[in-house]
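What follows is a set of notes on a single structure, which appears directly below.
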Amino acid sequence: MEKETGRIEAFSDGVFAIAVTLLVLELHIPELKDGDTPVHLLNALKIQWPGYIAFVISFFSIFIIWVNHHKIFKQIYKRNTGLMFANGFILFLVSLVSYPSALLAKFFLSDSKQLSVTIYTGLFVLINLAFNLLWQQATLDKKLLRPGISDTAIRRLRNNYLYGFPTYLAAFIVSFFYPDLALAVCVLLWVFWAASSKKINFTETPVL
Amino acid sequence: MEKETGRIEAFSDGVFAIAVTLLVLELHIPELKDGDTPVHLLNALKIQWPGYIAFVISFFSIFIIWVNHHKIFKQIYKRNTGLMFANGFILFLVSLVSYPSALLAKFFLSDSKQLSVTIYTGLFVLINLAFNLLWQQATLDKKLLRPGISDTAIRRLRNNYLYGFPTYLAAFIVSFFYPDLALAVCVLLWVFWAASSKKINFTETPVL
Amino acid sequence: MEKETGRIEAFSDGVFAIAVTLLVLELHIPELKDGDTPVHLLNALKIQWPGYIAFVISFFSIFIIWVNHHKIFKQIYKRNTGLMFANGFILFLVSLVSYPSALLAKFFLSDSKQLSVTIYTGLFVLINLAFNLLWQQATLDKKLLRPGISDTAIRRLRNNYLYGFPTYLAAFIVSFFYPDLALAVCVLLWVFWAASSKKINFTETPVL
Amino acid sequence: MEKETGRIEAFSDGVFAIAVTLLVLELHIPELKDGDTPVHLLNALKIQWPGYIAFVISFFSIFIIWVNHHKIFKQIYKRNTGLMFANGFILFLVSLVSYPSALLAKFFLSDSKQLSVTIYTGLFVLINLAFNLLWQQATLDKKLLRPGISDTAIRRLRNNYLYGFPTYLAAFIVSFFYPDLALAVCVLLWVFWAASSKKINFTETPVL
């Protein structure tokens, strides 16, 4: 049976690739004054460190979201309207990432640090919700899925995102009190997702 | 018979994906003054609400335009110069969306609200015209279409866009007097298009 | 024989799609002062008309360059280093278009109109040269071409770009004295290319 | 055996295409004062020459990185987590290029010339490291590679990047003392990579 999701994946890949590459536009070239030396430039670059951190975290979070999107769509062969719009919701949120990322970069060293981390982690709660919605839409009608997919594989994929939801929600709540810890939880979740992305593909469900 | 529209679809997908992802660049990071507190940041973010509305409406309108583009090109197998340029006209208008969207975001709370909504709805009248033109070009020479496509399917697709035209035109005219209503009509049309996108694909014309 | 130029075409399509979509970033949202009315906004939008002209000309020129690129690569089945770099040179020039386009938009109503039109037409002379180079690289080794391509088709494609070169060069020279005429020649050349794109594909060389 | 790296290549092509096309945003349109003549505009454009140099070097460096990425992935048929993340690291660095490129453009004529060249060459040391990492991940498990690839071809590809590393490192160290020489070494390395890209593909390993 032929996959009919090729153009959805191509469009989604485009959005992921652009969202991830636009992040660099949030890194600003320092303005120097006449007479400023390389030491001033170096200091101006150093003081932007929250921008670099935000860039790294946002880049790899979108990258891992893409890896997971890839993994899910390997199991989806047909599409319906529900699936199209669950996917559209994911793309909407992913295209947004650079905005809270820029907020984080700009306000991490200010009094508004907590607020910017809360907005940032809140977006990832929503992205996790959207992935749950996508997988729920895909499994509502088993005709959409790869022929021969096992129930174990379906359950594992769902659990992967279900477990993510309370953790992201916890990070979101924690961000009100300990923003650094909340960011750390987000980074750890990406490491977990990166590691777990292997197991399902290669152990549970044979790749065509 | 092989499709020869693959590269047109790939190029179009690229333009749609970029147009939709560039929208985020119109969301601005607030400037705070020394001594400003998180409350100031929160207020500065809240006051930008027309920008968020414009972002949401523009994102999903481009997304639904892409869904419809996808649906039409599933029925087109060959291309000619007329088709290429009707498609180019759609891409031209889609690449423009972020500009009236930014006008809307900036002037929605000002005296120029009506003008910005009129420009915005006017663009969608043109996009609807371009879709009618594309489908007319595709059906002028039935050799361009998917072999075995039924006349009912052709008529349904045409009607889908024909009915859209007077509605968008109405929204455009209404925008001079009741801009909020005009925007609401646009949103409702997308809901209609989203819902109607299902019927033709799965009921009328069997998907290869 | 399988085409091995798929990823070159995909990468090129990406660059064309982005170059064409980034043009909108050169359209600026007017700044109004407190107390400004919709009439001020309308006037501020009207005074930007060279920007709209530059946007339209640049959009459709890149679009037609893409159509021609598409047409050439339908005849190319294998690649070598010379072809890769001739293509890279085209992409380099295409990614540049938005810069002279922005110069044109900004200085068309100033004393620097002639200079900005000269730079703009100069870029298209170079793009034409790059296309000649690409086709020359492709035909140097006939093993790169589509099996069964006729000598007439090869000659026609070459002539298409050869004839373009003196015309663009003429536009470039004319731009020093009559910038409006030079722009008009460029637009007319695109119309010619658009029209001629049909003949070769459908009359001379049967499409696989 | 079917390749299963199609979507990785498509996503990577997207990032490469966007990274290369965004570079033009770092070229700035000069601001003129009332009464300024075309001579002022010409001078303002001329004084930006380091920006043009940075644009050319960065464009072709990303282009050659893409050519090499293409070459490596022609030999890779399966993927695992290590490969995904080595590739992600390359894309991360490539998406960054426009930032040190903009630093170079802005500070090349200032006291901070050496610092900006050092940062710029340092990024290419990292990109070279990432390519070594990718090829090492791909060859750790020979099941990932194209069936029938010869050991000579594997060794040649590895050597290609291994030889690059000490040269880039040398350019990086030299940049502290002779920034112009360091930039020249980078350009020469791209010429070498461009030339060497031919040999392995067409002599050593038959292309499917």
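When the chains are written out, they are named A, B, C and D in that same order, and each has its own residue count from 1.
Keep in mind that, in the parts below, a contact is a pair of C-beta atoms (placed from the backbone, for glycine too) under 8 Å apart; a residue touches a chain by one contact, two chains touch by 3 or more.
A quick note: this is a predicted structure, and the numbers were derived from the prediction, not measured.
Of all chains, C has its CA centroid at the greatest distance from the CA centroid of chain A. Of all residue numbers used where chain B meets chain C, under half belong to both copies. The two sides are thus made of different residues. In terms of their C-alpha centroids, the spacing between chain B and chain C amounts to 26 Å. For this pair, chain B with chain D, the centres built from the Cα atoms lie 36 Å apart. Listed for chain B are residues 10, 14, 17-18, 22, 25, each touching two or more other chains.
Those residues of chain A that touch chain D in the complex are listed here as 9-10, 13-14, 16-18, 20-25, 27, 29, 32, 36-38, 41-42, 55-56, 59-60, 63, 66-67, 70, 194-195, 197-198, 202, 207. On the chain D side of its complex with chain A, the touching residues are 4, 7, 10-11, 14-15, 17-19, 22, 25, 80-81, 84-85, 88, 91-92, 95-96, 98-99, 102-103, 106-107, 110-112, 114-116.
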